[in-house]
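Letters A, B, C, D and E mark the chains as written, and numbering starts fresh at 1 in each.
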Amino acid sequence: MLLNMILFVPLAGFLLLLFFPREQRGAIRTTALLISLLVFVASLGLIPEVRNAPTATSYETNVSWIDYPPIRYHVGIDGLSLWLVILSTLLTPITVLVSWNYIEKRVKEFFAFLLLLEFGMIGVFLAMDLFLFYVFFEVTLVPMYFLIGIWGHDKRIYAAVKFFLYTLAGSVLMLAAIIYLYNRGGTFDYPILLEMLRNGRLALSSTEQFWLFMAFFFAFAVKVPLFPLHTWLPDAHGEAPTAGSIILASVLLKMGTYGLVRFCLPMFPGAARDNAPWIVALAITGIIYGALVAMIQPNMKRLVAYSSVSHLGFVVLGIFSFNQLALDGAVYQMLNHGVSTGALFMLVGYLYERRHSLEIADYGGVATPAPFLAAMFMVTMLASVGLPTLNNFVGEFLVLQGAAQVNFTWAVFAAVGVILSAVYMLWMYQRTFFGEVSEELRSHMHDLSPREWATIIPLVVLMIWMGTATQTFLPVISASNERTLEQTKTNVEFQVNASPSLSSQVKELLNVR
Amino acid sequence: MDAILFLIFATIAVLCAINLVVQKHPISSALSLIGVMASLAVLYLLLGGEFLAAVQLIVYAGAIMVLFVFVIMLLNAGAERRSNRSLMATLFGVPLLAAFLALVAYVIQRGLPPTEGVYFGGFTQGTPRAIGRVLFTQYLLPFEVTSVLILIAIIGAVVLARKEI
Amino acid sequence: MHHLWLIPTIPLAGSMINLLLGRRLPKIAVSGVAIGSVLLSFLWVLNVLSGLGSLEEAHVERYFTWIQSGAFNVGFDLMVDRLTAVMLLVVTGIGLLIHIYSSGYMAHEEGFSRFFAYLNLFMFFMLILVLAANYLVLFVGWEGVGLCSYLLIGFYYLKKSAGDAGKKAFIVNRVGDFGFSLAMFLIVVTFGTLDFGRVFAQAKDMPVEAGVGTLTLICLLLLLGATGKSAQVPLYVWLPDAMEGPTPVSALIHAATMVTAGVYMVARSSTLYLKAPLAMDAVAIIGLVTAVLAATIGLAQNDIKKVFAYSTVSQLGYMFLALGVGAFSAGIFHVVTHAFFKALLFLGAGSVIHALEGEQDMRHMGGLRSKIPVTFATIFCAAVAIAGVPPFSGFHSKDEILLAAHHHAPWMYWVGVVTAGMTAFYVFRAIFMTFFGSYRGHHHPHESPWVMLGPLCILALLSLGGGYIHIPHFLEPLFPLAEGAHEPALVYISVAAGLAGIGLAWLMYVAQPGLPDAIAGSFRGLYTLVYNKYFVDEIYDAAIVHPLRDGSRSVLWKGIDEGVIDNAVNGIGRSARNVGSVLRVMQSGYIRSYATWVVLGSVIVVAAISFLGGSR
Amino acid sequence: MQSMTSVPLSWYLILSAILFALGVAGFVIRRNLITVFMSIELMLNAVNLSFITFSYQLKQVDGHIFSFFVMVVAAAEAAVGLAIILTVFKNRSSLQIDDISSMKY
Amino acid sequence: MEFYIITLVKAALIAFVLLTAAAYLVWLERKVLAHIQLRLGPSRVGPHGLLQPLADAVKLLTKEDLIPRDAHKPFYLLAPLLAVSLSLISICVIPFGPEVEIFGYRTYLQLTDLSIGVLVVLAVSSLSVYGVALAGWASNSKYSLLGGLRSSAQMVSYELPLAITVAAPLLLANTLSFRELVDAQAGYYFGIIPRWNIFQFPMPQIFGFIIFLIAAFAETNRVPFDLPEAENELVAGFHTEYSSMKFAAFFTAEYINIMTICCVATLLFLGGWQPLFPAQYGSDFVPVLVNLGAAAVALYHGLNPARPKDRLTLPVVAAVFAGIALLFLVPFLKPILVPLFWFATKTGFLVFVFIWVRGTLPRFRYDQLMKFAWTFLFPVALLNLLATSFLVAVTSK
């Protein structure tokens, strides 16, 4: 019951806000804040039950939605989706606070779309029915399109359309695959399908499995975004309002990776393992390519966007290493990236709110007029660079560790990304915050207001908490990952590295250099 | 006897048809069309379609062609001016036609079962009685529909050809 | 349970207080909190060490499991053994002195509380690094100190050069950390855990690898990490630039503690290195090369802090040489003695600069002997110690290393002796240029306050008597002493080299001041090469930084991102429109052409039916 | 009275084909609107002939009914067609088929 | 083989009778019109102008054959030929009498009988429009063009009521062939009323007959509807530009059309060769009496003549009439002559009506003429057809 409440309160909020008269901005904002806070608090209630049974889907509701074709409203939460849901419910009130006076025109629609977006996001992580999953997958698309399209900066239409078309092209393929599965399996229900795949009642030939895998993979790869399909992200981020960027970066991107872990791996283990090498190759190029291109971006938001391309490269590397450590690292990295990049976009948003420009060149020496903003930016930047005791380090360490266990060369090239991430972050930080401050800039810059403190504090605390006390979050994730890996065990035993084979890798590595 | 009749009227029909195509002036092509229709009426008689022969003469030759002749006379349309605007028609027109004819002939030769020849009395249901019976029982609906169609055509013609447009 | 965790957390608490409340507290309170926390930590170290007794084997304390995923488990564990004890004493001791000194030195600088907060934070990470019981916690300390050095170097963030230096330091360290993390992955892959105890236990009974095995690869990667942190040949470029930071920072971080972290780490994983002779040789060679290179550059520097920075790099080279030849205890001994006299040198230089209100260029100094006598006395002790003059600490530790090097490979000994000579020469060159001759500056120097001079005196005593703290003997259980013939001849040669260096310096800078310019004139090419630090920075920039930056802009961003992918996507749209315009031509408006199309269609249909067979 | 020679059925069909082809030729080649219209009528007549030939061959009266309906429809079509031609002539004052090409792309 | 001979003989006989009748119809018309207008009419060329038609024919043949300058020559010549040939065709379907026995051959007094005889007549009448239209257009003059258009429009619109009124008797007789039609009209109601279609049982076709006649006037461009050729307005309408022989062709075509239309009318409505009252009441003797009466009148006028030479001509006429009366009495000729007599009298009466109407009724204006056709004649004809069909459906078994 709690789960349905968490899912449908944002939708109710969306409808409620629509009925508010347009000029009562204060009332609209506060109601939006209250609703999102309520949902957040409620979502905290989910934790105890899921903690003690992470592999089982708890709070399950399974009721028929459409009779023919048999589409069921089947939602449930388990270890994998718990933290992602809480991340979304946490970030929505924060985005409401962030865009408190950032948004002037069409305030009502903005907050309504925000709540609709939350509804879509939570829905994606809870859906256990393939069709329902697809519906929520698309529901998030619409408000995001409007957020970018209406409240974005100058090139917003192009960016919004590009975002929409990219994701739609991918998801349409997935829909085709879902329908094919329905024809073969007779149902959309994911657990049943999985069971049928397991006990051989629904035997997919290798080519079938390959094409279905590719369809699902392509949909999620566009969303992740994986290397060649990423060009929509910098545009979308560059043009989106702060709230849009935060939600897009921290949650919408995770829908791609979540989909990979939840659907791609367990349903098509054979095809996933066969295609792992070239996907990992793409992920690694994504890491290095993202970092390098981020380095030379003049626009702050585009820089952070490319950085998330690089960070999510780690996640995909972790997922397709088929190794407990790597998978835990990947899922944990999804959460870390959500928090740290969300915070980064928020702070960039505050800079934009003050100076109304995203170009790094327009800033310089902000540390003198706004030391606390600089300090918070410092902490967030260090977190996203992967400083130990802060959150990203744990994720990256586990991913690289897992990848090294599978194939050491992967770890070597991926680790290069760690160096490059330091380069572009520090260079950006230095150009914005260090150096002499120009008079004109000093007048614009004022330090963090209480509202802004209220948004940044929880994220910084979370960064440190996730960096040090990982055991509060990790056991739930690693338990559900263990189950997923169990499902991906195909008869062909994946060539887990025995030490002797490692020396061959070493030789191969050496002659590589 | 039939063969002779057939040959006569077939050649008349073909000649008139060629004349229709070749003639520059529409009135002459109109008259040659009437010639075709008359010869066809006779051919219908040969094939046993008495009622149809009469209707052909009355409806086609008697009514429709009168309309044509009327329009030609009213508009006093002169002979055609030669203007080869549409490249497509001039280039592909004739060869396509030849191909079409060859194809149809081939189909007829190959497709048709070798039945006995046509002789005058071979088919007797062509009488008005037979046609009337079938028309008003089996084909009543089409009959009604065509009648409505004609009504529409009349109204349409009147509206279109009105003076003040 | 000796609550080892208290040692690092006290400075952390101090740093938090200063960070959050620093602005509102008066300067006295801020320095009080900072110095107090380090003092407390130092006292707690003494209490713990006394409590632990002889420390024959390591005392490990495990607090909470940090990362636990599947079989792999890493806990936040701290450990103390003899090696850690030595390092603890050095870090907290020297740290305390430097905190006291800097409270005076930074008295009239704005951002006072921020400086002390960073300093305490550095102490916290350094203590974590030293106390770590597994590689991951060590890595935490490792990166933490890198961060603090970045913050402290970039303290004067208004100056662009400071910001750049800080960034450079952090990134170069990062490259080192890249090597270190790869080593960690390999360790986990081979041993399954990162805990020192378990790793070394498994490593003991593994065979010594002839060629390049996994262990050698681990050691090489660890070495890469160490070079990053301890500024060895490939990655030393950040240390000279680190002089942008305030002098106490250079003293604490870039002389005494952080740079030695690399040495400590190599020493800590000695069991691994013993199994990988190839890696040992690599360490030795890198150490030697760095020593020689840094020494030569040091000869031609005019900035007083730059001279001492290059001397640090050179001395670190010595330590790596010691580690490379297997004399781990000698290496650590040199770390301790070096900490004493190098800190003293830097602090002395600090007070000189303090006296001359920020003047760092030696050519504008001279004849300060009379003006700041105490500083001169203390610096002189440090100079004598570093030059390897017999009774003092430098002589003991350096000779130990040279003897071990000779035992290992004679040519190493001779190169070491030559560099010892050069070290003596450039140190005394600095001393003579600043304190002897006539004053060439236009400030009127005044003696530093006692709060600065106190620590100088203590350090002077330590650097003089340091040699007699028998570190190697103390570390005997950890590192078996290499028994070798103790030929006295070698010792005399090294002392002679040192004295020759001093004499030569005396000759050139006191006796005939014109000589250095003459020599520089004659070897014009060599001199400019050396003066410009062999253009290493420029080479790095040209080879790596610029190509990466411009390459990624033109090739990757513009080329691939917009060029290939975006054009392909937009291309699809455009091509659809073109196809449309081609078909448009068919609608020519002429009825006869439509007629022909109709006929064409019917011909095709008839053909299809007739040839492809109708229904029959 | 059984005649001496009977005409094979295919002759009728070939005749209808020839007439149809000539109709198409007129439709394609001629430039005067009315002549084009007439050639369409010719095509319809050709079709009627084949209808009746087949009804003769199949001994069913349906062929006749079909051609009867064809005639009726042709009548309706002619009426409306000619009305259109009149209006076209009124506006364009020329029946040249190529002058009426405003429906160009 | 003898089939061909018989048909040829019949064709020649019918052609001769028709052409001479047409010629003398011209004469009759001018005489009757004259007497209606109280003048003598042609009396100079032969007794009472009897040779007048011959004279006209000769005149027309010898007249100069003019062709207007840029008339469309081929069509200009085609038009009169078309008009004459079409009017001649429909005569061959019309039966003049029942089956008779002559010189040993049993044959019908009819050239041929088609099961769709009525349809053929209708078809040919609809084709006759072309003659007029072409003539009007080809002679390339304003008057003839307008005349041609008007008359063809008139003929087309009156063809409709004609066709529908024809349909009613067909319903009653349930056949399309003329002979069966006439046979269906044999017999008498209550002994004396002949079962002619105008008195047929379920729906007497009197109205049908009247509409048919009116439409017939219009079809043949006769008086009330002869506006297109009216001399005062359009100077002889479509055949203004025609001279000599071509003009004669149009003229004969017109009169042959009148003859055929009257024959069709008698066949359809007046029971063809069926006698007025049943044979047992002496219907056979009526022709004898009529001829004798005519002879008496001629003789009387011959005795006290209005003009001196009538003294000579009229008794000759009386003698001719008396001879004819005698002919009727010859027993083996009787079955041939009596039906012919009845058929001839009815047709002659109708022709007289045509002429009579020409002499008395004024001319319609063109728009009245067209409106009359579409708004009055056509609906009434439809009504008549509906009524007959309804009654036939009801009364049939």
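Annotations for the structure displayed:
FYI, a residue touches a chain if its C-beta (ideal position, glycine included) is under 8 Å from a C-beta of that chain, and two chains touch if they have at least 3 such contacts.
Quick caveat: nothing in here was measured; it's all calculated off a predicted structure.
Considering every other chain in turn, the ones in contact with both chain C and chain D prove to be B.
Note on connectivity: the fewest steps through touching chains from chain D to chain E is 2.
Across every pairing of chains, the maximum count of C-beta contacts belongs to B-D. On a Cα centroid basis, the chain most remote from chain E in this structure is C.
Closest chain to the protein centre (all Cα atoms averaged), using per-chain Cα means: A. For the pair chain B and chain D, the distance between mean C-alpha positions equals 5 Å. Each chain gets a centre from the mean of its Cα atoms; for chain B and chain E, those two points are 33 Å apart. With each centre defined as the average position of its C-alpha atoms, the distance from chain B to chain C rounds to 104 Å.
Spacing of chain A relative to chain D, judged by their CA centroids, is 70 angstrom. Those residues of chain D in touch with two or more other chains are numbered 24, 28-29, 31, 98, 101.
Chain contacts: chain B has residues 51, 63, 74, 85-86, 89, 93, 96-97, 100, 104 touching two or more partner chains.
Chain pairs that touch one another, listed by label: A-C, B-C, B-D, B-E, C-D. Residue ranges of chain B in contact with chain E, taken from their complex: 27-28, 31, 34, 50-51, 54, 57-58, 61-63, 65-66, 69-70, 73-74, 127-128.
By the touch criterion given at the top, residues 64-72, 136, 139-140, 143-144, 147, 150, 154, 157-158, 160, 162-164, 166-167, 170-171, 174-175, 177-178, 181-182, 184-186, 188-190, 212-214, 217, 548-549, 551-553, 556-557, 560-562, 565-566, 569 of chain C touch chain A in their complex.
The touching residues of chain E, when paired with chain B in their complex, are 72, 74-75, 78, 114-116, 119-120, 122-124, 126-127, 129-130, 133-134, 136-137, 145, 148-149, 152-153, 156, 159, 176.
The residues of chain D lying in touch with chain B in their complex are 1-15, 17-26, 28-32, 34-35, 37-39, 41-42, 45, 48-49, 52-53, 55-57, 59-62, 64-65, 67-69, 71-80, 82-87, 89-90, 95-96, 98, 101. Remark: chain B residues 85-89, 92-93, 96-97, 99-100, 103-104, 106-107, 110-111 touch chain C in the complex.
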